[in-house]
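Shared chain: chain A. Partners: chain B in the first complex, chain C in the second.
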Partner chain A sequence: MRLAVLSPQKQFEFGLWWSRIQIVLLTIMLLIFTLLVIIPFVWMLVMSVRTTGEILNDPYGLPNVIHWDNYWKLMFDPKIAFYKYFVNSGIVTAGALILTLLLSTLGGYGFGRRRYDFKLRGALFALLLFALMLPPQIMYIPQFTMIAEYGLLNTYWSLILLYAATGLPISTYLMATYFSQLPIEMEEAARIDGCGDLRIFWQVMLPLARPAVATVVLINFMHFWNELLLAMTMVTQPDMRTIQVAMMSFVGEHGSDYAIAAASLVTSMLPVLILYLVLSDKFIEGMTAGAVKG
Partner chain B sequence: MASVTYDHVTKKFGDVTAVNDLSLDIKDKEFLVLVGPSGCGKTTALRLLAGLEEITSGDIRIGDRVVNDVAPKDRDIAMVFQSYALYPHMSVYDNMAFGLRLRKTPKAAIDKRVKEAADILGIGDLLSRKPKQLSGGQRQRVALGRAIVREPKVFLMDEPLSNLDAKLRVQTRAEISKLHQRLETTFIYVTHDQTEAMTMGTRIAVMKNGLLQQLDTPQKLYDFPANVFVAGFIGSPAMNFFDVRVAGTREDLRLDAGSFQIPAPPDRRERVAGYLGRNVVLGIRPEDIHDRNYVPGALDGAVIAAQVDVMEPMGSEIYLYLLSDKHSFIARVDPRSQGRPGKAIDVMVNLDHVHLFDKETEQALR
Partner chain C sequence: MAIRVDGHAKKNATRANAVSRKPWGAITLFIAPVIIYYAIFTLYPIVATFYYSLHSIVPEGGKLVTYFVGWQNFARLLADDIFLRSVNNTIIWAVVGPILEMVTATTLAFIVYFNVPLHRFYRTAWFAPMLVSGVIVGLVFKWIFNYDWGLLNVGLRAIGLDDLALNWLGRRDTPLWAVIFVHYWATFGYSFVLMIAGLSAIPGELIEAARIDGASTVQASTKVLLPLLMPTFLTVLILSFMGKMRAFHIVWVLTGGGPMHFSETVATYVQKRAFGWSTLDLGYPSAMAVVWFGVVIIGVALINRWLKTRTED
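== the complex of A and B ==
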């Protein structure tokens, strides 16, 4: 069989045609992927402004009347009073976040800068990385025992301490890698200018590590805010529940109120969404740090 | 204002000796340049003075005070880094004011000093900008400004011009010299660039492998290099070296390079006589080798026949890369010279300016 040999002109045209096809295919794939991600979200939004009766009749339909009052009911109906859980989640997340940030930035600075060449530095850092590899489930029983022993069950502190503990390894690791890339001259200039170690950290190095801090805030916030298993285990008192636990009760307990459940889902997502929008630039900068010299 | 003394200072990093028994007396208001190839210990010497490295042995004094154990901030120094090390999150004003604020200087005084320094450096209109909004030259000025406002006793500069382009480097070089005259403070300046060293320094300390090779004024370093290293390092294009045998008789000493012979320089005849029959290193600067047809004035010279390998016209002069048997060397000749690649040429060496070195110790014969 003779192979067809294309003229250079034809080869060029074929190349052009093929690259256009590739772009079209790629666009279609991305569209499908985006739809996959966005459809459940839109569906949830639509459900949150319908009534449960409507939803049960036609799960995928559009609302006849837009029921914004679902949100008001969710928040302030005395039987639901979702705002309480919102406050609980807020306190736990903020507390754990502050603790994580405080320890991970200082710890990351110590691990990241060569100047602090303390004993067992390498071993401790390896231990930290090891903690990253452990599946969190295997720690639930010892964690529960410890929290119970210290009398912290059904307190905010139980979740604040445990969340911070789970968030610390990855956060410290992220901070350490970021700090290790900052130029040493910055520290030295500050030392000559008259800074002590703590001030160098606070006034010079930490501001330079803002992208890493943004990353740590964002990933931990998402994790703490959305955490369910520990929140269910450590806090059994209904008033102390976090939103994720509270939301579970909309389904099943007294028959399912899908409209309210959807409204609660939307509400619970808002803080994460807003935080991401605020920090996204810095977040991307932090995730790509060191990839290109900037 | 203060003198600085390195008294037998040694710095070791593990097994590596970065600075080896350095002794230097830097006078008050002097502009001292530490120069040498990379890895020679010049930056380490500066960092020891800044307090950024600990001394292994010896003493460093600023004025009369031994500062070995004094924190960098209390040494009354200011340093300009090669990378400028400006704080990227602070404005130009804050960058300059930062050190003063830490010293609890009154606000009005800070404002006055920052504005004065900004005026001197011509960056008055940049004070509210962030470092990333500045060009390289402007950042360099801010780094200088940050040092000036501190009114330190000693200015330390670690290759502050090496990140600038060639034109800006020449301009800033002159400005730093002017700044030194204006501030009348001790400057210690590290560079690997011998042109910077020659043009800026009151005195130059040449270093190699952690050892001080020679400390002298630029002209003396150029005219009387202490050894082969200094001779080769100072001057551009670098000095030509020839391995020559001292031949002839005590009355008629000649330096025999094989392909050519020149008489021993009259002023060093006594010294050279001791090497009769042995080899020495002959050093001739390119500017002391002339085209025979264009020799300036009366000159006690010796002629070498050579072949032109490469010609580089520089406008005001021509660099000829010459071959004479196994020797290759550079001559900086008159622009009218007819030397062209492949052609033979007679060049004349200025005997008054040749340099001689012991072959083993590489020290100058004087």
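== the complex of A and C ==
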């Protein structure tokens, strides 16, 4: 079933189904509901430019003076220095993304194209997708001992390797689906011109699959950036913390500085949120694709 | 003439040859890396968790030593009050959470499906919490539920409901419900988008036909759309259920399973027993994970069967 998330039925005029008054009432109700949904975001944003004293006195209030310096303090105050956690998260996310992309485009091409079909391919693909329904708890304890054995605890590599493993099934699935829909003519034309398999993949088919690559990058970026369980398990050294663990620890350690804490939430959320506001369709498509299959 | 026939035959032969000969080199090159990687970092750890669950793995002299203990870990689980409570909590959540979510998602999907104005805006806004990390969601709601200055209590006091301004995260009865609510806030948009996708896949002619036959909106929705929506409904329900069974981030940050394990879930308890407490033994939490793995699989199978038989009736 192909998702049609992005094209709600256009053939009905809503006027046919609801009367004008019903539409107005519905809209008011939905807007109130939406307001309730987004209040936490708004509040977070307002909190981040107030002082902690103001917040504690009147949580609903607006800032008298907009304290942009909260953000400066968050990033560069030597006692807080959040920029280094951004660097950590950036390195881990980028590394895991590169690894995931490398493996999943190759694998997606192998699983998606007819030419590479063989007897056990379907079974292998099913095995790969099996991981989509597993809770992380069923594998992360041995993952920990494995990482410890190789001496990778408290390194970027621990998270890069394990994040790539979590992102692999859905990414390969997305790539395979996309590759399987590309026409065979391009592939054959390149083969007649004497291109080998790898070259056809790299120079002809992969460029055609750019939209799928973009989806894979987006959803994995979000998951890797937001991950907590592995991040707090594999990395215990304070300097190596990712942004998520850093935020959690900050509230534990500097418990009462709520304004700075709110600023940390806002900054850590920005990369994903900006991408989402620009490319919301791609996000939604990518995150729902794994759900409705077959 | 003869040359042409010859050439034709030759071409056919090479083509047949090319078809029958599998490009094994290329197959290996494309598929092997994923499968090997997956085997090392996902399959092996799953198998190892089962192996661990029958052992006691404790640190001795700076490294982990493994002792075989058989079914002891599982026997201990049955007598572990905290584990039983966390199972109980997680099951309450896995029943209540999906019901809440399905009701909201289905209702909203039906409303938005009939092209209410601003539907794209709603979709973007409702889906947004799904993209925010569990740490952020947990912290913000921890502040919202704060007894002294949280939005909720200050709001309640402002409208004179001082009695309702509870210590939401510090009592024995409310923390679990706070967790359920916050997770619901974060994920209902996902279910909603899936339901809308399912609805949009239903051909429009069916509804047009119902209209022409004089069906009302409600009739068309319940009699025509709802039955056709059952497969999507099943998928979304299962996903929602699995989401609650594995949820960790939000609980960990919002309540940490506390106070006194009143909002403990299996995911947080596994984490505590494996890495949190000083009682380091990786075998015991592995046994929990194995039990939980079984529960998830059985749960999914049950929902599947229950709804399948209902749709076939």
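Remarks
We take it that the second predicted complex is superposed on the first by the 234 of 294 C-alpha atoms of A that agree within 3 Å, B and C clash if a C-alpha of one lies under 4 Å from a C-alpha of the other, contacts with A are read in each partner's own complex, and residues count from 1 in each chain.
Operating definition for what follows: contacts are C-beta pairs under 8 Å (C-beta built on N, C-alpha and C of every residue); 3 or more make two chains touch, one makes a residue touch a chain.
Nothing here was measured: the structure is a model prediction, and the numbers come from that model.
Looking at the shared chain after the overlay, A:Glu188 reaches chain B, while chain C stays out of its contact range. Within the superposed three-chain model, A:Ser104 lies in touch with chain C and out of touch with chain B [touch as defined at top]. Shared-chain residue A:Val204: touches chain B; no touch with chain C. Using the contact criterion defined above for the overlaid structures, shared-chain residue A:Val37 touches chain C, although it does not reach chain B.
For chain A, the partner touching the most residues, choosing from chain B and chain C, is C. Partner chain A is touched in their complex by these residues of chain B: 50-52, 71-73, 77-79, 81-83, 85-89, 98-99, 102-103, 146. Contacts from chain A toward chain B in the complex involve residues 183, 185-186, 188-195, 199, 204, 207-208, 210. Those residues of chain A whose C-beta lies close enough to touch chain C in the complex are 1-5, 7-14, 16-18, 23, 26-27, 30-31, 34, 37-41, 43-44, 47, 55-60, 102-104, 106-107, 109-111, 115-116, 118, 121, 124, 127-128, 131, 133-146, 148, 161-162, 164-165, 168-169, 172, 197-198, 201, 222, 225-229, 233, 244, 247-248, 251, 258, 261, 265, 268-269, 272-273, 276-277, 280, 283-284, 287-288, 291-292.
Against chain A, the residues of chain C that register as touching in their complex are 22-23, 25-27, 29-31, 33-35, 37-38, 41-46, 48-49, 52, 57, 64, 111-119, 121-137, 139-141, 143-144, 148-151, 154-155, 185, 189-190, 193-194, 196-201, 204, 207-208, 211, 217, 232, 235-236, 239, 242, 245-246, 248-249, 252-253, 266-267, 270-271, 274-275, 282, 285-286, 288-290, 292-293, 296, 300.
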